[in-house]
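As structure tokens, here come the structures.
Two complexes, one shared chain (chain A), two partners (chain B, chain C).
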Partner chain A sequence: MNIDLIFKIAAIGILVSVLNQVLMRAGREEMAMMTTLAGIVVVLMMVINLISNLFENVKTIFQLY
Partner chain B sequence: MIIKLFLGIVIIISSTMVGIAIANRYAMRPAQLRALQSGINILQTEILYFSSPLPEALHKVSKAISDDISIIFNRASKGLMEKKRYTINEVWTRAVEDSMDTTALTEEDKVILINFGLGLGNSDKESQVRHFQLIMEQIKKQEVKAEEIRKKNEKLYKSLGVLGGMAITVLIL
Partner chain C sequence: MEIFQIVAIGIIAVVLIIIIKGHRPEISIQISIAAGVIIFLLVVGKLASVIQLLKQMVDRVNMHQGFFSTILKIIGIAYIAEFGVQLCKDAGEHAIASKIEFAGKILIMVLAVPIVLTLLDLIINLME
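After this line comes the complex of A and B, so read on.
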């Protein structure tokens, strides 16, 4: 577990929000929507392993096999 | 670590340049349409007041206006001077179609230009003037439209280039 991932996600968040603003200003709402969705998907791909780890751990702790 | 930093900078710079290149295409079109208007104006003067033959008139026009657009006039004039028994319509249409890749003009502009060639040199001066005016009006309309599109897209693509580069860097490093 390293802290880099958090910074990476933060950077993606900032970039996506700025991109969103730029596209909105240029009148391309649907493209802005798509970038937001893409950002969400990318971040989700990054954290999905960690989330599944978390669930595994919870299962082990409470012995829910 | 240093290699990563270097790679990131390279990616950001290259994507910025791509963004600027795309933005430039939008900036070029209004300028080229303006050059086209002045070219057609000069051609009109050549035909009306100097009564010079088309190959010469086209050659003079190609020397008077900026490079990107003058290719069309230059090609047309050369095509006529070769005297291979093509009509002005054929030569003009070919010149326009060959030059489409190197200019920022779109399909609509191309159709107008080809129409311009269809009426060129096949009637008396008065109807030529009417024809010129019609074409000028159409090109002016296209220019206004192109200017609008430029305003909308130029800044967008510039900032999109920089931000896209940053996004790629963050994702792969």
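After this line comes the complex of A and C, so read on.
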């Protein structure tokens, strides 16, 4: 159901690091920093969704209300 | 069989993490989180059926219903605490990992108190 999620996160990671290199060479460090932060925020949103899903499952299974 | 799928996910995640670890270590940690959660979600159905089976056995023995749910809660707390501790250790934050472990132990102790009390009453009754 979600193996592609790992690939998506990895793709964003690689994309961000490549963009970072390109922008560094172009001499725009602040833009590079911005793209890095944007990439991390996007990945974080995905991972947070996944973790909340995990916590919901554990809550229902172990009756941890 | 799910085991092949799970091992495949684990290996793929590890390879991707190694690729990205050099450039973006923060994203590599999130890949390991995602892989861990995905593997758990794959087996969560089987876990639920095992717990249903245990519940039926408890009903047949007509043991006090509270004990089994407390045990389940303790297992749940232990699992989530372990999840957090391993994650922090992966990221290299051993201090936070030990704090989470400490908090988990306290929460489990709090849940175990009623059971210990009933055990104590039982022993006292036997001794009289």
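Before moving on, here are some points about what is shown:
The criterion applied here is as follows: the second predicted complex is superposed on the first by the 63 of 65 C-alpha atoms of A that agree within 3 Å, B and C clash if a C-alpha of one lies under 4 Å from a C-alpha of the other, contacts with A are read in each partner's own complex, and residues count from 1 in each chain.
Convention: a residue touches a chain if its C-beta (ideal position, glycine included) is under 8 Å from a C-beta of that chain, and two chains touch if they have at least 3 such contacts.
Note that this is a predicted model, so its numbers are computed, not measured.
Superposition of the two complexes onto chain A shows chain B and chain C fitting side by side, with no clash. In the superposition on chain A, A:I61 contacts chain C only, with no contact to chain B. When the shared chain is aligned, chain C comes close enough to touch A:N53, but chain B does not. In the superposition on chain A, A:G13 contacts chain C only, with no contact to chain B. By the document's definition of touching, neither partner reaches A:M33: not chain B, not chain C.
In the superposed model, C is the one of chain B and chain C that contacts more residues of chain A.
Once the two complexes are overlaid on the shared chain, A:M24 sits clear of chain B and of chain C alike. By the touch criterion stated above, A:V41 is placed in contact with neither chain B nor chain C.
Superposition on the common chain places the nearest Cα atoms of chain B and chain C 16 Å from each other. The interface of chain A with chain B overlaps its interface with chain C at residues 12, 16. Within the complex formed with chain C, the chain A residues making contact are 1-3, 5-7, 9-10, 12-14, 16-17, 20, 36, 39-40, 43-44, 46-47, 50-51, 53-55, 57-59, 61-64.
Of all residues in chain B, only 152-153, 155-156, 159-160, 163, 166-167, 170-171 touch chain A in the complex they form.
Against chain B, in their complex, chain A makes its touches with residues 8, 11-12, 15-16, 18-19, 22-23, 26-28, 42. Those residues of chain C whose C-beta lies close enough to touch chain A in the complex are 9, 12-13, 16, 19-20, 23-24, 26-28, 30-31, 33-35, 37-38, 40-41, 44, 47-48, 51, 69, 72-73, 75-77, 79-80.
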